[in-house]
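For reference, the structure is listed below as structure tokens.
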Amino acid sequence: MVLGLLGLAVFVVPLAGLLARVPWARLPALLGGDVVTDALRLSAVTSLAAVAISAVLGIPLAWLLARVEFPGKRVVRAVVMLPLVLPPVVGGSALLFALGRRGLVGEALGDATGLVLPFSTLGVVVAATFVAMPFLVLTVEGGLRSMDRRFEGAAATLGAGRWTVLRRVTLPMVAPSLVAGVVLTWARAFGEFGATITFAGNLQGRTQTLPLAVFVALETDRDTAVAISLVMVAVSLIVLAALRDRWWGAR
Amino acid sequence: MTAGLDARFTLRRSEAFRVDVALQIPPGVTVALLGPNGAGKSTVVAALAGLLPVDEGRVVLDGTVLDDPAAGTLVPPELRRVGVVFQDYLLFPHLSVLENVCFGLRSRGAPKDRAAAAGAEWLDRVGLGGMAARRPGDLSGGQAQRVALARALAAEPGLLLLDEPLAALDVSTRSGLRRALAEHLEAFGGPRLFITHDPAEAFLLADEIHVLEDGAVTQAGTADDIRFRPRTPYAADLAGFNLFRGTAAGATVDVGPHALAVADDRHRGPVLVTIQPVAVAVHLAQPTGSPRNTWATVVERVEDLGSRIRLQMGAPLPLAAEVTRAAMTEMGLEPGRRVWVAVKATEVGVEPGTGEG
Amino acid sequence: MRLRMVGLAVLVMAAAGCGGVGSDPGGEIRVSAAASLTDAFASIEQAYEDAHPGTDVVLNLAASSSLREQILEGAPVDVFASANLLNMQVVADAGMVVGEPAVFAGNTLQIAVPPGNPGGVSGLADLSREELLVGLCAAGVPCGDFAREALALAGVEAAVDTDEPNVRALLTKVIEGELDAGIVYTTDVAAAGSVVEGIAVPAGHNVAAEYPIAVLAGAPDPVGAEAFVAFVLGAEGRAILAGHGFTLP
């Protein structure tokens, strides 16, 4: 009981500290400023793009890990999990060395297509995808592993080919894991800071997401920083609560 | 081209365990694969459905080779048209009852409305027309079984496999569903194979019985072949099962020298009567109380089955009973001993038909 | 229930108290110094510890504005060395400085470019070229404010691609070649060596940064703090600072 309350305090006390600093009277003016609206728009776009890319690439990867036996699978899974434990700044540096203008891949990419990822919005998406996709891969892999595969066999005896089985049986049956993975992935992408500032830099309207805006504002305009933090808390709470009721609560 | 199923194959599940089966089932014939748990029955279903490739041999359905490792032929399950009712039905939990039933037609490219119409018709046929919008989780076991059957049949299979279709149901609903199942099997024109560990189901539903023990068929033939000429201890154990032909007249069934009172009073004419050996009570004096069927008889034979003792009774009815070893010692049961037997009317199973294909 | 809540409050306060008081005050001097002082203060730390055996100087290096916020929030710090007067003034205005802050060093700005100067940058005017990737320190960070002042003096509207959180982060991205140019301190270019080239900013447009240092009112070790400040302002400290390219007052 005491430990439980103490555990709750770990979450509540910092939140209370934040709320105590909110300049309520100036809040509308602060939130209406273009720094905040730019960052909010950019955060929404980049976090959703990261979720979309994670889904397109992460579901097949989860499939490989759950269903296909191949040598070195343990190593592959460890590599997939790496961004979960790596400090985001390290991840950002790694991205810079790989995809930067003079990076391993980035230089060839730039020569071939003229595409430069650092200091671009696309770079923010890449950084967010890098740190967030493991959540999707691991939850979907778990869902695929715990699913009763005999349902797929049953579908096959009813004439369903591999693609139909995937679309009409496997994916719907792992939907709870998929939704949980998407939510976790989005949350991680939405809150991403370290890899973004290291790899994509910080420029209002182009690469300055809400967490970066908070960080910069903290040193220049504390009230704005608090206001942005409040926005992040509110958006996160709304999304998590809504999805929880709709998807997890119902099950 | 030979119509029906012709399958002879070997499938190795492990170093120690292999399944060896030869099955020929003409269209319109029901074969039961009867065996104890772990005999390899479900492996046979998986092999015929294409979910497990066989290691040797051939599987041919209506002249089409489905599996022939020597020739490198293996038709995947989705192209086989083999309908399966799985033991726990495996209805898709995220789809409605109707969507489950339509699944086969939709997978083969039927337009949505045509598939839905056909599916609805199948639901009507199994008496679940009102359940179309329900989820499988809302169904009783018996309803789920009928949906599974409708789902398999709606896909228009050339062969129907049923893996313990009644095992998941409780005893009270089993008899009624067995009868309904018999009717649906009869309506399906192709070969039918059903798997069971329950001799009553095999005797009542199948034209031909294959006894599968430890991966191998130890005996094949009609119910009477198995019962009267058992070749293995397992089959001999099945032989103790009481099965009589008789003529029903409502609450009584005339079984030759004796008339049995039955609780199931809906039948008239030729029927099959089943009585589980453990449902037969043995007394030294005439029992009093509720049993409707009591008569005096004599113990003809005593068989030691290990934990239980089987008693074969003489006239007026060749009834088998099972008692504990303690009861045998206590009552001094031995050949020639005069006893009373009692069977509750509710323990007498009645099935219409003669039990012959 | 009420008793348990009180117990909880006590626990929480005790935890907070631990962080506020700090551990061993003797032998440990906590110095919060601007990121641009990284190399110079590492040398000063070494020299001070050699001169005062048993004393441990703990450096906390970050943008002056970050350090200012930490101090205002009550972080246990003995000495604050800022890269501009403004941040020191905010701390002094809060009544958290002992005596008057003293200016101990000065710095000028340079344009840092990767070796070979791939962007062909020759002066502040080039920073308006759209095709170049240009970085500054964020506004509010001293190097960022100075850079913007210098650009205003030169009448240049820079096409900025990133506002880096501190001067070291900015310099790193120039060194990696991810940026074609960034406005940093002369001392940073000197410290980086051959991995980066410095383009001079003409004196008319340059802005002279002044570095103030002060002992903090809440210093856990005021005696050690005074001694460290005296060392920085003394002959040895001045020599080290000059060696790292700082101008001296």
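Should a chain be cited, it is by its letter among A, B and C, assigned in written order, with residues numbered from 1 in that chain.
Just so it is clear, contacts are C-beta pairs under 8 Å (C-beta built on N, C-alpha and C of every residue); 3 or more make two chains touch, one makes a residue touch a chain.
Computed from a predicted model, the values in this text were never measured in an experiment.
Any chain touching subunit A that also touches subunit C would appear here, but none does.
More C-beta pairs touch across the A-C interface than across any other pair of chains. The most distant chain from subunit A, with centres taken as the mean of CA atoms, is B. Once the centre of each chain is set as its mean CA position, subunit A and subunit C turn out to be 33 Å apart. Centre-to-centre separation of subunit B and subunit C, using mean CA positions: 85 Å. One simple way to say how far apart two chains are is to compare their mean CA positions; for subunit A and subunit B this gives 54 Å. Shown for subunit A are the residues that touch two or more other chains, of which there are none. Within the complex formed with subunit B, the residues of subunit A that make contact are 148, 150-151, 153-161, 164, 168-169, 172-173, 175.
Those residues of subunit C that touch subunit A in the shared complex are 4-5, 7-8, 11-12, 63, 65-66, 68-69, 133, 135, 138-141, 160-165, 169, 173, 176-179.
Put simply, subunit A touches subunit C in their complex at residues 1-2, 5-6, 9, 13, 96-97, 100-102, 116, 118-119, 197-198, 201-204, 206-208, 215-216, 218-222.
For subunit B in complex with subunit A, the touching residues are 46, 49-51, 76-84, 86, 90, 92-95, 103-104, 107-108, 151-152, 155.
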